[in-house]
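Two complexes follow with chain A in common, the first pairing it with chain B and the second with chain C.
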Partner chain A sequence: MARTKGYPEALEKKLADTRLYEDERHPEFTRTVEKISMSIPHMCYQCGTCTASCPSAPRSSYRIRKFMRRALLGLEEEALTDPDLWLCTTCYSCTDRCPRDIAPTDVIMAMRNLAAQRDIVPVNFLKTVQAIYSTGHGVPNNDVNRAARKKLGLPADPPTTHGFPKYVKGIQSIIDHFGLKARADRIVKEREG
Partner chain B sequence: MAEKKTKKESAAKKEPKKAAAKAAAPAPAAAPKVTPGKTTAKEARIGVYICHCGTNIAGSIDIPAVQEYAKTLKNVAHVDNYQYMCSTPGQKKIENDIKEHKLTGIVVAACSPRLHEPTFRTATKTGGLNPFRFEMANIREQGSWVHMHDREGGTAKAKDAIRIAVAKASLLEDLIPKAVPVEKAAMVVGAGIAGMQAALDLANAGIKTYLIEKNPTIGGRMSQLDKTFPTLDCSQCILTPKMVDVGRAPNIELMTYAEVEAVEGYIGNFDVTIRKKARGVLTPAEAEAKGIVGGGCNGCGDCDVVCPVIKPNPFEMGMKPRKAIYIYHPQVVPLIYTVDFDSCVKCGLCVDACGDKKAIDLEMKDELIKVKVGTAVIATGYDIFPIEKKDEWGYNKYENVVTSLEFERLICASGPTGGHLVRPSDGKTPMKVAFLLCAGSRDNTGVGKPYCSRFCCMYSLKHAHQIIEKIPGCQPYIFYMDIRSFGKMYEEFYYRIQDEGAKFMRGRVANVLEDPNTKNLLINAEDTLLNRPINLEVDMVVLAAAVEPCESTEKTRKLFGVSKSMDGWLLEAHPKLNPCGTTTAGVFLAGVCQGPKDIPDTVASAEGAASAASIPIHMGEVELEPYFAQCIEEKCAGCGMCVNLCPYSALSLVEKDGRKVMQVTEAKCKGCGTCGGFCPGGAIWMQHFATPQVVAQIDAFLLGGEQ
Partner chain C sequence: MHEYAFFLGCIAPNRYPGAESASYKTAEKLGIKLLDLEGASCCPAPGAFGSIDLNIWYAMAARNLVLAEQMKKDIALICNGCYKSIWEVNHKLKKHKELREGVNEVLKEIDMEFKGTIDVWHLAELFYDPNIVGLDKIRDSVKVPLTGTRIAVHYGCHLMKPKKERHFGSTEQPWWIEEMVAALGAEPVDYRNKMLCCGAGGGVRGYDLVHSIDITNEKMINLKEAKADALTEVCPFCQLQFDRGQIEIEEKFGVHWGLPVLHYCELLGLAQGMSPQELALDLHAVSCEPFLQKVL
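Right after this comes the complex of A and B.
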């Protein structure tokens, strides 16, 4: 357990004991992540191939290798509350190259699932849910795109739910089946009022 | 289930063992020392000993319960248990009890027979019984260790194992091992530093040694290296004196450009056929034998000059040309040219250039030579893994990505560039060089190799040193996961190279890209210590590529009946206690063919193999375990069908008393049982694995001891 010294709050925070203590480790977390991801993060030897393959890493503080370490040690809080968890593009480059044959992408996905169960999801992800619910698209068409499409000789709207809006209903029933929309609405409301 | 049966019950249902055994066993035949089918004359009295192996066995098996159970078994006359049966007091128990309890057979329930069968056989013999009246029940490797978390199950299995062993021990017979003479000659296959050292040691111990090398020269990989870590002495300088010694040693018969074609026989008596490939050039001795006085190749190289065919020299990793008639390098042993008949156009210019020496014979054919040896050492070394399979590092795609062996040739004064390290793309001196460690090693993707190649950390440190020394201002970057510098003076070498200015980047390289204009290379990795991705532009990349066994090892190993381990390297008899031996008696392993080793370890392993291979030769004879097939002549119909089935050609048909019967050449029989299982008349008795013995074991298992 990290120790506190009873200083005023600001100082306490600044001088906080950041050492790793055994009670932060939850072996159950490692097992759950492995079960959901169907991968083996406990075999990570921290080579960094994944981070070096990651298109997110050069321009953010996201380090996939660090999440693998957290999965291995069972650092549940640290993993699930780190906003970087949501910076993976799911490109699978790391999975292609990992010499230990781990699928870091799937490990990230598993952790996101676990975070979402605790309502830890960035609002923009929830807004994507809302967008898919109302239009069938995570990134709906807009006027700029429509103009660009026309210029290229394409129909303004693609032959998706944009071209066939009657199918949006089907997508909605899938999302409703999992209660995803209601959940997104609730959390967005709690956060943004 | 079986152990629930009371003693009374099981005893009541059974016939007396003696009668059963007699009924199953055929009448004794007159022939050899050991009479096939002759079983225990007197009533079997078996002593059973249960070992605790400290807590190895006792920790997960209920020893008192097993002991009580053993007492209920038929024929068991005495049961005891002990902390360590293999210890002197443990063995003494067996020795004393044999007399005291008039035992006829011994069962020890302990570890694997591969570990302690010899120990307990000796104790059995010391106690006054034939050593083959011993049977081991493995309750450790196949018991306590695999059922560590199931005490009840493990205990039940131990009872089964003991019951089965007692059933067999009750029917064991006296056997006498066969002594065969050992040919006073040895063979070493592969003449890298391992094979050369093994051959020199054997020869110096007074043993005639045939050294077989597939290439035109001896020396192996070590002759391709520039310097050697950690002392940095010149590889050729320390190797060539040994090469010369090998060439000169009166006891070594060197056959280069030759391969093993066939192997027959067994320890002490291997008949080996060697294919001497047609090298198109006569040695002075061969020339003299053909009546060409003062002729034969003297290595002058006149032929080389005139030959019009140009090919890449594999010794220089293809970076330097050679002719169709060639030597690898000036220090080859033997100094004899070789014609590459695959590329020779038979223009005959070389023949003219050679003149009166008449060394060149363009019509030469392969020759098969037969030799007999008592033991053999395999030292076939390694090759570099085809690193282009890991396409993210760009080998064969980008010109300035080279392997470590190519680097050795490029930095070597006798190499294709005279020791000036240059970029293959433009011949410029590189000023930033990245070394990629674990390139294809420690890789579980199925593309690379799961093991550590063991010498690449150290030679990459050496490479870093070499460029710092030769190219002022040149910066080496070493991309690593762990630096494995575990040998004597190795960590100190690591310290030195870091001090000299090599930059160690702790991260495995994800990929290499090429700038098509400059042919410079861009390295993507993570500095895992800074927690930052790196994008580094360098002039040259050196891949510390994984190693694997030479392709040609496969054929050789199969001929000598040597197995390989899961990773492809040749399998030793025991990884710790018998690293040079194999499961084929008389065949030993030296050097990297058994697993990656640097030169010091290779030489040590070669000396170990040579010593082990010389022992049977110096003893003069070896004992073969008497697990031979025997013919029960009364039952043999002389059909001869077994003769063709035997994979070791150990059987033949002979005339006896006016009819044909089968005869076994005991020294050739490996006791595989093929014939015994086949014979329609049941006329073949497999000593120590005879049908009644095996049936008794099966019955003991299935029927819980009823016969």
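Right after this comes the complex of A and C.
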């Protein structure tokens, strides 16, 4: 099975060893994930309905069931350093089918939040943040589109933050409140120079 | 006339303005007036923002909600991604006091407060709701029936899922958008694994494009099998993934599909007599010509 992303070396080694070590378990990780996700991964009985419903599973090594096990056992390091964490399309098929009424999608989102706190986050996510910070839009307008809008009788810029840029300041305050713009800039620069 | 604050999002106004234009015009013919929601921003993208920090996602979406609260209007929108952010954050903040207080703490800095006084709707559900529009009114508004065409529906994920938190019932084999397609005179077609994701969500399109369009390609295989003339959806992000995705599939996998992809509002616009120019269908990456030839 071809992997879509290379694993970090330490994780590769860890995965080759299937034994469970008590000192790698962090019960507070389980509790934090449950709090952020507002879900109950400790109820998971590993039936695999989630992985069977997952659009990413057939084309990668991403296994949502594995992440549910990591959440339950508190295997923080293994969960947060696995690049497969970012292959969930958040389609919620697993959530709708889970016989234990868990929301695996929200568990993944919680783990992504915790990974991001440690600066483990793909650059494309941060670039969306940067775009929204400067224009209010994740997918901003462009000249081709402006011309097309005018032809349709629409204003060249929509009546959003594009048409009323004074509103961008409010958005920047919210993002700055969490210090996210500075973090995004720093991480993008570290990765891309 | 029902009035709603129209939350535009990003991809409709900035990539498929025909879908935006069609929404105003088709809704107006069905008794819904869509008002400008001045100063609205990105919803923000639930995959990108939610993955980094849910608290920022709540606060940013709440800012958009407060703008509509100040207008004293419910929000209507045409994108499933926006629905996920705007509907769900509204729902969560109304339900969880602790969350609401946390968000208001942030909003205080920009003199805003989330009060929870409005509701959020997808334009498609308003069209389907007999108390607002309903199938009969849609049928009556049709000037150019789409007779003789086979149209498949992509529901997308974030409108109806997770079903426990939504109000649409089962998400395994829904048929209500197909009913709206049939109301335009077209023949709705079923296909294998209809509820499969388009592949774009959760930041995956930006993270791993090949992985993402491989999911789209699976959908295209299933759509081909059903002999659909066109695909309709209610989410501009899905639209982008299917439309531009087909070009990317051709580049990366060497497979040509050529399946026209239209937002339901664009399809409704055609049926109500709007011209392809009025819908800016030329901005679509995949030509809609073969479909238009069958219709017009």
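We take it that the second predicted complex is superposed on the first by the 140 of 193 C-alpha atoms of A that agree within 3 Å, B and C clash if a C-alpha of one lies under 4 Å from a C-alpha of the other, contacts with A are read in each partner's own complex, and residues count from 1 in each chain.
Note that in this section contacts are C-beta pairs under 8 Å (C-beta built on N, C-alpha and C of every residue); 3 or more make two chains touch, one makes a residue touch a chain.
All values reported here derive from a predicted model rather than from experimental measurement.
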Contacts of A:M109 with chain B and chain C, given as first, second, both or neither: second
Residue contacts with chain A in the superposition, chain B compared against chain C: C
Which of chain B and chain C A:S173 touches, first, second, both or neither: second
Which of chain B and chain C A:N145 touches, first, second, both or neither: second
Partner chain in contact with A:T81 - chain B first, chain C second, else both or neither: neither
Set of chain A residues, in rising order, touched by both chain B and chain C: 101
Residues of chain A that touch chain C when the two form their complex: 4-5, 36, 55-56, 59-60, 86-93, 95-96, 101, 103, 105, 109-110, 112-113, 116, 121-122, 124-129, 132, 136-142, 145, 148-149, 151-154, 158-164, 166-171, 173-175, 177-178, 180
Interface residues, chain A side, partner chain B - complex: 43, 45-54, 57-58, 63, 65-66, 97-101
Residues of chain C that touch chain A when the two form their complex: 8, 10-11, 13-15, 17-18, 20-21, 36-42, 44-56, 59-60, 63, 106-107, 109-110, 112, 157-158, 161-164, 171, 195-197, 199-204, 206-208, 210-212, 214-215, 218, 277-278, 280, 283
Residues of chain B defined as touching chain A within the complex: 392, 438, 442-446, 448, 481, 506-511, 524-528, 531, 533-535
